[in-house]
Amino acid sequence: MAKDIFVYIDHFQGEALPASWEAVGAARSLAESLGGDVAAILVGENVGDLAEQAIQYGADKALHVEDASLADFRPEPFSSIVAKIASDADVLLMPTSGRTRELAAMVGVDLDTGVIPDVIEMDTADGAIMAIRPIYAGKLLSKVTIPVNRPQILTLRSRAFPKPEPDSNRSGAVEGVEVEIEQPVTEVTGYGETEAGVSLSDAAVIVSGGRGTANNPDLEPPADITDEKEQEIWRAQQGFKLIGELADVLGGAVGASRAAVDAGYIPYSHQVGQTGKVVSPDLYIAAGISGAIQHLAGMRTAKTIVAINKDPDAPIFKLARFGVVGDLFDVLPPLTEELKNR
Amino acid sequence: MNIVVCVKQTPDTAATVTVEGGEVSWGDAPLVLNPWDEYAVEEALQIKEEHGGQVTALSLGPEDAQEALKQSLAMGCDQAILISDPAFAGLDTLQVSKVLAAAIEKVGDPDLVLFGRSSVDSDTGITGTQVARRLGFPSLILVSKVVSLDPAGGKIEVERMLEEGRQQVAGPLPAVLSVVKEINEPRYPSFMGIRKASKAEIPIWSGADLGISDDLSAAVHWPEIIAPPKIETEVEMIEGDTAEEKAKKLAQRLAEEKVI
Amino acid sequence: MNFELSEEHSMVQKMVRDFAQKEIAPIIKEADRTGEMAPNVLERMGELGILGICIPVRYGGQGMDYISLGLACEELEAIDTTLRVVMSVHTGLCSMTLLQWGTEEQKQKFLIPLAKGEKIGCGAFSEPGAGSDFANIQAVGKRDGDDFVLNGEKMWISLATKADYAMVTVRTLFDTEKVSSGLTTFIVDLESPGITRGDIHGKLGVRAGSTGWISFQDVRVPAANMVGEEGEGFKVTMSAFDSGRYTVAAGAVGLTRAALEASVSYAKERTAFGAPIAQHQLIQQKIAGMARDYEIGRLLYLKAGWLKNRGERNTYETSIAKHFATDVSFTAASEAIQVHGAYGYSDEYDVERYMRNARGAIIYEGSNEIQTLIQADYALGWRKDKPLRCEMPAYSTEEWQST
C-alpha cells in the first residue's frame, strides 16, 4: 500500500499560511499519481481548529501535537516532532517560510535525507518527485530530485500551486499524537510591530515603486525639512503614497526596487528582486522602475506585468504585458480613481 | 569570542546567467564573495571589535575558489581556510553541512558561527541550520540585529525578520546565525587588508584533514538546469493624449483581459 | 613582460569601484545638476585611505604603489570626473610633490595629515594671465626675515575653497638669467591671513567639483615651508605635473570606459530598423573605436605607472598618456552621445555629463598643445631628462610599508 503524503501546516499566531493550503492541494495531486492518503501535520499550542481546516482543504487525516511549550515555533523541538511523525514517509511537503526553512533543514539532517526548498513545479517519475526550483534568483531553473533517500522533503513557494477551495462537508480523522516533546533551547522574547498591509509573498497584486518616486520637482517639501537628502526622501514618500493608494484599491501589497530601498525611500522589507523578495503575483505594476536585471529576477514570473515609466526604452517594458510611457505622478492618481469606480 | 563565518564564492549578481548544454555560464562576470555573506563577515568583525577574539572565514569549494576568502581577509578576518577535496564536488546541503560542521569542529570551540541568509546561486538558505543541527547548536536564521551578546554568560539575543514582522529570540551560545541585509553596512576592504589578503597563503583542508572518510553522496540530484521559459509578451503600449486618458484605457484593458 | 594585474591590484580596483558605484553613482547626477560637490566625498575618500593610496605608511599613507594610484583614478573617473580631480590635486599635485621634494620636517608636518585625509591639499600654479606660459607667472614672494610675503592671484585651482593646504609657486628671484630659474614653491596654509578664495561658477563640466581662485595679499609664509630650494620652483612644479598628469591620464581612461560601457549596453537595448542598433555597422564602428582607445590609453598609463614604480623619469610617457587619453575620452563621450541619439543629449543619461567632464582635461595640467611640444622636443632629441636634485622615489614595498 502506498504511503501517506505528509504536509506540514505552517502557521503564525493561530493562522495558517495560505501557502499551507496550497501545499495540501499539491499533496492531493501527488496522491493521485503516487497513491496514498494526504496527512496533515500540525504542531503548536492550540491547533485543533487548524487540523479541522486541513481536512476541509483536502487532507484525509490530520495529526496534531499540542503542548503549551509549543506556543512559539522553535525549530529544534518542532523538527524533532516532525521527524518522528514523518520518519517513514516518502514525501513531506511544507509551504516555504522563514520557519519551514529551518524545519525542513533540521528534519533533513535528522532523517538523513534531501531537502528541496522553493519548489515552483512538481511532477512524478518512477515514484519519485521531479521538482523545479529557481536558482540564481530565477534567472535559471533547476530540475531537482531525491532519488534514494526518503522522505523527499520539499518546501513549496507561495502562490506557485493553486489554493484549493475549502469544503466544509469533507471529513477525515483528526488524531492527537503523543510524542516526547523537547524543551526549546531558544526562547521568543517578543514580537516587533508587524507591518500593516498584505505580505509581499502572498499578494495577488503588487504595486512597486523605484527611484522615479522621488522625481517630482513640483512637490515642495515642508519648510522644516531643509536637508537635501531628507527632501528627496520626502518627495519619494509622496510617490510611494500614490503607489500605496493604488495598491489599496487593488487589495495588493507595496513593493520597491533595490534602488529605492538603498536610497532610503522605503524599508527593505518591501524590496523585490534578487537581494529582496522573489514574488509571483497575478498582477505586478512597476511604477518608475527601469528594470535592472536584479529586479526583473524577482518579479518576472508575475502573470501580468504593467510598466509605467517615463523612459520608453526602459528594460521593464520588455517584460511587460501593458506599458504606459508617462510620469507615475501623472498616471497613478487617475488610474487609482478609475479602478476605484470599477 | 571565537567566531567562524562560512562564506561562498558566487557570480556577481549583475551577471547575466545563462545555461548552455546543461552548463551554467555567467560570461566574464567576476566571481565574488556571495553578497549575503558580506553582511555575515561584517557582523563577525563588528562583534570581534566589541568583544575581542578572532574571526575565521571558512569556504567550501574548488581549489581555485579563493576570491571569497581573500575578500573576507581583506575586510579584516584573522584567518581563512579553504575546504577542498575532489570528493566534495557536487554535494548537496545535507553533505555540505556535514563537511562544514567537521571543519568548524576542527577550527575548535566556536562561540558563534555566522552565515549569510543564502547564496545567490543555489539559493537554498538551509545550510546554516543544517550545520547547527549537526553541531547541536541553536539555529537563529534571518537575523537583522544582535540585540545583546554576553560572551561570559554564554547568551545571545537577536531580532529576526520573518514574513510576518520582527521577532526577538534569546538563546545560549554557541549558536549558528544567518544574517539579512538590514543587520549592517559591510565595510570595504582596507588597503592594508588588501595587502595582507593578497599575500596570504590560504590553507586547504581536505576530507582526510577533516576525518571524513565515508563516501559522501548527495541526497538531492539536479539532473538538468534549464533556462526559464522565455516570456513571450508583446508589450501593448497604452497610448493617449493625456495621462488621464492613458489611465482610463489601461484600466479598461486590464478589465477586458480579466486581470482585475 | 607581464600584462596581468596582480591580485593586489585587482583588489584595489574592485574596492575603489565598489565605493564609487555604491556611494557616488546614485547621487552624482543630482550633484552635477546643482553644481555642488557630492556631500562627504572628501571625508569618505580620506577615511577609506584613497587620498593617501600611494604615500608610504610612515607618512600616513596606505603604502600602495603608483599603479594602484592609476587604477584608483580610472575607477573613480568611470563614475565621475570630480572624484578623480580630487586625486589629481590632493594626491598628485600636493602630496606627491611633498613626497618628492619636501624636507623630513615638511613631510611630518604636512604630508602625514594630507595622506590620512585629515587635511585636504591642492596645487595653486596657474594664474589669470599665465597657464601654458608658466615661467611668466606674476605672483611674487619677497623675503622678510624668516618669512616670505606672497602677493598675487591663482586661478582655475581645483579644491581652492575646500583645501587646507596649497602647493603654490611664485617668483622670488627677479634677475635670473632664465625667467624659470626665479620661481620658488611653498606649501601654504590656506587659513593664513591675507588669503581670500572663491569658487568659479558657470563651468562647462566637472560641475560637481570645486574649481576656484585664491588671492594672496601680503600673506606671510615661513621660509621653512619652501618646497625645494629657492629658484627650484619651476622644476618642482613640473614634477608636480608629472604626478598630476598621470592621474589625469588614468582617469580619462576610466571615462572612456564608462562611455564605452554605456554605449554597449544602450546599443544592445535600443532597436531601430528592426534590430538592436548594435547590429548596425556604423554603431559598431563607434563602439570599436571606443574599445580601441580604451585599450591603448590603458597601456599608456600603466606603462607610465610602471616607470614611476621603478623610479625612472616619465615626463615623456606621462605626457603621451595624458594627451592621448584625454583627447580620446572626449571623442568617446561625444560618440557615446551619438550612439544614444537624442537621449544622449539629455541628462537623463550619463553620457552628456561624460562629454562635458572630458573637455577640461584637454586644457588643464598642461594643455594638449603643450603636451605636443613636450613630445616633439623629446622626439627631436632636443630635450633630455637631466637628473633632478630630488627624484620621485622608486616604489619599494619595504620602504612604503614599514612604519
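Read from first to last, the chains carry the letters A, B and C; within each, the first residue is number 1.
In this text, contacts are C-beta pairs under 8 Å (C-beta built on N, C-alpha and C of every residue); 3 or more make two chains touch, one makes a residue touch a chain.
Computed from a predicted model, the values in this text were never measured in an experiment.
J.: State the pair of chains with the top count of C-beta pairs in contact.
T.: A-B
J.: By C-alpha centroid distance to the whole-protein centroid, which chain wins?
T.: That would be B.
J.: What is the distance in Å between the mean C-alpha positions of subunit B and subunit C?
T.: It comes to 39 Å between the two C-alpha centres.
J.: What whole-Å value do you get for the distance between subunit A and subunit B if each is reduced to the mean of its CA atoms?
T.: Each chain reduced to its C-alpha mean, subunit A and subunit B end up 20 Å apart.
J.: Express in whole angstrom the distance between the two chain centres, defined as the mean CA positions of subunit A and subunit C.
T.: It comes to 52 Å between the two C-alpha centres.
J.: At least two partner chains per residue is the criterion; list those residues in subunit A.
T.: Correct list: empty.
J.: For the complex, which residues does subunit B have touching subunit C?
T.: 30, 70-71, 74, 188-192, 194-195, 197-198
J.: Within their complex, state which residues of subunit A touch subunit C.
T.: Those in contact with subunit C are residues 228-229, 232, 259, 262-263, 311, 313, 315.
J.: Can you check the complex and tell me which residues of subunit B touch subunit A?
T.: Residues of subunit B touching subunit A: 11, 13-14, 16-19, 24, 35-36, 92-94, 97, 120-127, 129-130, 132-134, 138-142, 157, 159-172, 175, 180-182, 218-228, 231, 233, 235-238, 243-244, 246-248, 250-251, 253-255, 257, 259-260.
J.: Give every residue of subunit A touching subunit B within the complex, in rising order.
T.: 12-13, 75-76, 79, 97-99, 101-102, 104-106, 108-110, 112-118, 134-149, 185-195, 199, 201, 250, 268-269, 274-275, 282-283, 293-294, 300-301, 303-307, 317-327, 330-335, 337-339, 342
J.: Help me check something: in the complex, which residues belonging to subunit C touch subunit B?
T.: The touching residues are 6-8, 11-12, 14-15, 18-19, 48-49, 53, 62-64, 68, 401.
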